[in-house]
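Naming follows writing order (A, B, C, D, E and F), and every chain is counted from residue 1.
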Amino acid sequence: MPALDPVVLFFLLGLAAGLLRADLRLPPAIYEFLTVVLLLAIGLKGGVELASQSLVVMLPQMVTVVLMGVALPLVAYPVLRFAGRLERADAASIAAHYGSVSVGTYAVAVAYLAYRQVAFEGYIPVFLVLLEMPAIVVGILLARGVDRNTRWRMVAREVLLGKSIVLLFGGLLIGWAAGPEGIKPVEGLFFDLFKGVLALFLLEMGLIAASQVGGLRRHGLFLIVFGIVMPLVAGAFGAGLGWMLGLSVGGTALLATLTASASYIAVPAAMRLSVPEANPTLSLAASLGVTFPFNILVGIPLYHHLAEHIHRLGG
Amino acid sequence: MPALDPVVLFFLLGLAAGLLRADLRLPPAIYEFLTVVLLLAIGLKGGVELASQSLVVMLPQMVTVVLMGVALPLVAYPVLRFAGRLERADAASIAAHYGSVSVGTYAVAVAYLAYRQVAFEGYIPVFLVLLEMPAIVVGILLARGVDRNTRWRMVAREVLLGKSIVLLFGGLLIGWAAGPEGIKPVEGLFFDLFKGVLALFLLEMGLIAASQVGGLRRHGLFLIVFGIVMPLVAGAFGAGLGWMLGLSVGGTALLATLTASASYIAVPAAMRLSVPEANPTLSLAASLGVTFPFNILVGIPLYHHLAEHIHRLGG
Amino acid sequence: MPALDPVVLFFLLGLAAGLLRADLRLPPAIYEFLTVVLLLAIGLKGGVELASQSLVVMLPQMVTVVLMGVALPLVAYPVLRFAGRLERADAASIAAHYGSVSVGTYAVAVAYLAYRQVAFEGYIPVFLVLLEMPAIVVGILLARGVDRNTRWRMVAREVLLGKSIVLLFGGLLIGWAAGPEGIKPVEGLFFDLFKGVLALFLLEMGLIAASQVGGLRRHGLFLIVFGIVMPLVAGAFGAGLGWMLGLSVGGTALLATLTASASYIAVPAAMRLSVPEANPTLSLAASLGVTFPFNILVGIPLYHHLAEHIHRLGG
Amino acid sequence: MPLEHRKLLTIVTEAALEHELAREIERLGAHGYTITDARGKGGRGIRNAGWELSANIRIEVACTVDVAHAIAAALKARFYDDYAMILFLGDIEVLRPEKF
Amino acid sequence: MPLEHRKLLTIVTEAALEHELAREIERLGAHGYTITDARGKGGRGIRNAGWELSANIRIEVACTVDVAHAIAAALKARFYDDYAMILFLGDIEVLRPEKF
Amino acid sequence: MPLEHRKLLTIVTEAALEHELAREIERLGAHGYTITDARGKGGRGIRNAGWELSANIRIEVACTVDVAHAIAAALKARFYDDYAMILFLGDIEVLRPEKF
């Protein structure tokens, strides 16, 4: 079994092509398309499993996960503000990015586990949905304080009706309603091609990540260090939580991956509109230029080992 | 077996997202792509079956189907003109929409039957091709009368060389020439992914249907009633015809679906150029905002039961 | 087994639609997407085989192939310049097109052999990569002579970092690194759908080829003759070479196809920037309007028979 | 640099008219045109380009005053009543007057 | 042909602002707008449209001088400091003044 | 509102030239540019954007008269003979003269 998951190699290809300024780009429409398929596929898969789940088990887990989504940015903020000497808005925005989650990273982790035949709770995508939003709210509060001018309704619309949640949640519902049998007809596209679609998606992500390096060059060492240490800390935290919540090794690894991952779709969009004075090049340089590559190259295997370890110790 | 075909759930997701003004849209390029694949897939499937067909059997059926395509708009027109008090151009245009057919609706019906393992004559796609055109000619005549200024050559080009017919007919020819064996290499894309592609197509159709509701709000109750009653009447008529033509239960259900369906690709485009004074929001509100959803949610199962019924009675 | 490979029928459909000015076009984004998938798929397939190859065997073959890539345009140039009475720049540019290779033609040849279960050396895609570049350099030298103003660095960038080489070469590396096992997860998209993707690609190629006919009408008989004779000569030459290099019948047929094929992606782009005074309608009319159709309709089967023949004689 | 004055005629209308307008524009004496895909809102409501029938195109024609007026007049007469369409003229300077 | 003078306001900015700007433009009295997707470079660096967050839009509004100035002033006040945005005005002639 | 006069230079040409023109435009002193994908017809025939080699781009540069003339002159000299290309200038007003 190769050291790197094959799909990750596509990310490296894209990254290399981007850094070499190769004349290579997937049309935006294709990138959109791949994102839609990935989000739906993840949702559908989760929904099918959901059918066979008791809410009694999940509810406490869901509450805890949401609380974690609130806690993470609160931890990250002071570090960014004082250790990183960043503007308030920038610190708040970056904190929100790391409190939320990255669908791409999650997909790679799923591919990683599937490839090693590690089982996990099929309903984890529910956490994915739950973790999108809270960090954004916290981030805005951190940037603005309790400001009656904040257009919360707009923020809520922006996020709840944003592409990621609509497709993930919609996929969950459809998968849940159709059930394992009903979903079969569409498995050809959403499940059998999942890895291939993910590979192309990562190719594009590599190109995008490369275009963020400029931001790094300008804003120096701190973001790099933060972009690596933060996921490690958060990942460890998430792994511990997963174990406490009684998740399997696979589920623990996935929750660790979620907490360790930083958003680059929902959060940047929301921050751009709600905290415009925050500089997007900073947050994207960190989340796309550093943390995303780190997680899919180094982090995920690490979180997996960590999960195994905790479960061995914790028994 | 779920009440609703899973693929239909994607339509509902799109519809809901559209009505909630969610920030979700498939890029136009992707919508184009999905349409191309659907049209080719339907054509190919039909063509392969065609190989094992005697023209002697089909010819009378084909003639009858074309006559029906001429009759339907002639029936719909007076209703629209007098009961609906619509302008002549609008009545004619809407009549043409309902005289022609909807590929999306057909695809859902095929999925519905396949899902229930109901067999049907594989060459039905031929009817799909045959039914596109006649209603358009009738519609123009209804709007213009026998007007020597009508640019028939332009109309013919517009329709015969339009996307739908070229791809359906082209697919038929290729499938027919390649045969069951020859087509195997491309089945992976055109057959195995059919339902998945249809699901995404319906997601987009839901978004588009939602955007037609405005037209409805403006033009009131009549279009809604017409958009539901017309397909029911036409569907019953088509079912009867299917039985008379000696089609199987599945074939009868499909012919009923075709007659009940209203065009939203070929006809609107043709009418826009040939009967410009007709207001497209009216016809699309009816065909996309009412009839398409009605058919895939309620109509198709109905037409299927009807077909079974007729065959039981007729023996 | 049908006379024509089914995928080729899609080319004919596109060609017919284009010549009839049908209202049919794949969005550019989709064409881009299909190209990316084809290039990656070819690269990946080659890379996987590469794993089990000794460089000792390949190196001499690779060197020979490169030399051939240099020789071909040198042979074509005088013919174009003197028999064809073309401007120096045009002759040089067309010579470069025919010295380089066409990925689409190669893909059709692979489909053709696969369909007939003819085995071939899996690493042939390496030759595809090697043959892109040399003819371009020769072409520029033929047009400019040894001109110190030629921006060689720019040319090198343009080609080595162009889409075709980056994706082919990247695919080779990934396939080689992942190996037969590692590549499995992405086979669904890149291998199982290969023929279907190729079919859609050829549909678009047909439309594009049709749009080149204008160029032909304007520049007459010579290009047609050249566009047919040149691939025949080059193909025979390539077949001989393949046999000398000890390639299998399939490998020989593929090398013949490569030498017979004319570029329409990398070379035109490079020539446009490096030899701008060359009229692109001329070179594209020949390579897309004549040679590409000729090769996939007539050439490939011919080169295959030729390969069998040579191997029978040569034993 | 010797620059000559011309008009830039810009039309925004339904994508369905592309072929027809291209023909008309040439017939009325323009030597070329440029088309970009667009979406927008106007008197006939939102056209968000979600699908073919709700897509707009934006056509630009650089030409002489007379040709610009001829095209404007022709389009007004033929299309204004039935199609989503706007049209406006601007002044431009060009390098090769013979081309426009 | 009776032509009246109006202003063409062109805005190039981040795609993320599309909905917000559309609302603002209508609120300030314009009767319509046209949007095309764009990419480009400016003070805030390259925006190559590789993905959502690096995509630009180009908005055109044909309107009266007053409306144009009102929109320009509003956008300057609200967006210039925080967003990649430029804006310029040109003179145009229109056929149906009441529309703009 | 204090508005200053500038020129808007619009270039329509082959997509293949995108990188090269961007470099040239900046070299000659412009502070930015906006690019949209386009198709069209002109002296060199139809360019319908069906594929890379038949695609056009439309580049806009808001700049001073001098820069506009410099770019126009440079492009004329280097590209007019061999490429499908047109170019025209218009007058615009901008809010932040220092940016252009």
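Keep this in mind: a contact is a pair of C-beta atoms (placed from the backbone, for glycine too) under 8 Å apart; a residue touches a chain by one contact, two chains touch by 3 or more.
Fair warning: this is a prediction, and the values are worked out from it, not measured in the lab.
S.K.: Quick check for the class: compute each chain's Cα centroid; which one is farthest from the centroid of subunit F?
M.R.: Taking each chain's C-alpha mean as its centre, the farthest from subunit F is B.
S.K.: Need the most distant chain from subunit E, centre defined as the mean of C-alpha atoms.
M.R.: Between subunit E and every other chain, the largest centroid distance is to C.
S.K.: Interface check for copies subunit E and subunit F. Shared numbers divided by all numbers used: above half gives same, below half gives different; which is it?
M.R.: Subunit E and subunit F contact each other through largely non-matching residue numbers.
S.K.: Taking each chain's centre as the mean of its CA atoms, how far is subunit A from subunit E in angstrom?
M.R.: 34
S.K.: Using CA atom averages as chain centres, what separation in Å is found between subunit B and subunit F?
M.R.: Computed from C-alpha means, the inter-chain centre distance equals 46 Å.
S.K.: Measuring centre to centre with CA averages, how many angstrom lie between subunit A and subunit C?
M.R.: From the centre of subunit A to the centre of subunit C is 41 Å.
S.K.: Where in subunit D do residues touch two or more other chains at once?
M.R.: 36-37, 90-91
S.K.: Provide the list of subunit A residues touching at least two other chains, using ranges where the numbers run on.
M.R.: 27-29, 192-193 - these are the residues of subunit A that touch more than one other chain.
S.K.: Which chain pairs here would you call touching?
M.R.: Applying the touch criterion to every chain pair yields A-B, A-C, A-E, B-C, B-D, C-F, D-E, D-F, E-F.
S.K.: Spell out the part of subunit C that touches subunit B in their complex, as residue ranges.
M.R.: Its residues touching subunit B are 1-2, 4, 6-7, 9-10, 13, 16-17, 20-24, 26-30, 111, 114-115, 192-193, 195-197, 199-200.
S.K.: Please give the residue numbers of subunit C that touch subunit A in the complex, ascending.
M.R.: 27-29, 32-33, 36-37, 157-158, 161-163, 166-167, 170, 173-174, 177-179, 181-183, 185-190, 193
S.K.: Which residues, counting only subunit D, touch subunit E once they are in their complex?
M.R.: 10, 12, 36-43, 56, 58, 69, 72-73, 76, 80, 86-91
S.K.: Contact residues on subunit D for subunit B in the complex?
M.R.: 14, 16-17, 20, 45, 48-55, 79, 81-83
S.K.: Hey, which residues of subunit C end up touching subunit F in the complex?
M.R.: Spelled out, the residues of subunit C in touch with subunit F are 25, 28, 31, 204, 207-208, 211, 214, 265, 268-269, 272-273, 276-277, 280-281, 284.
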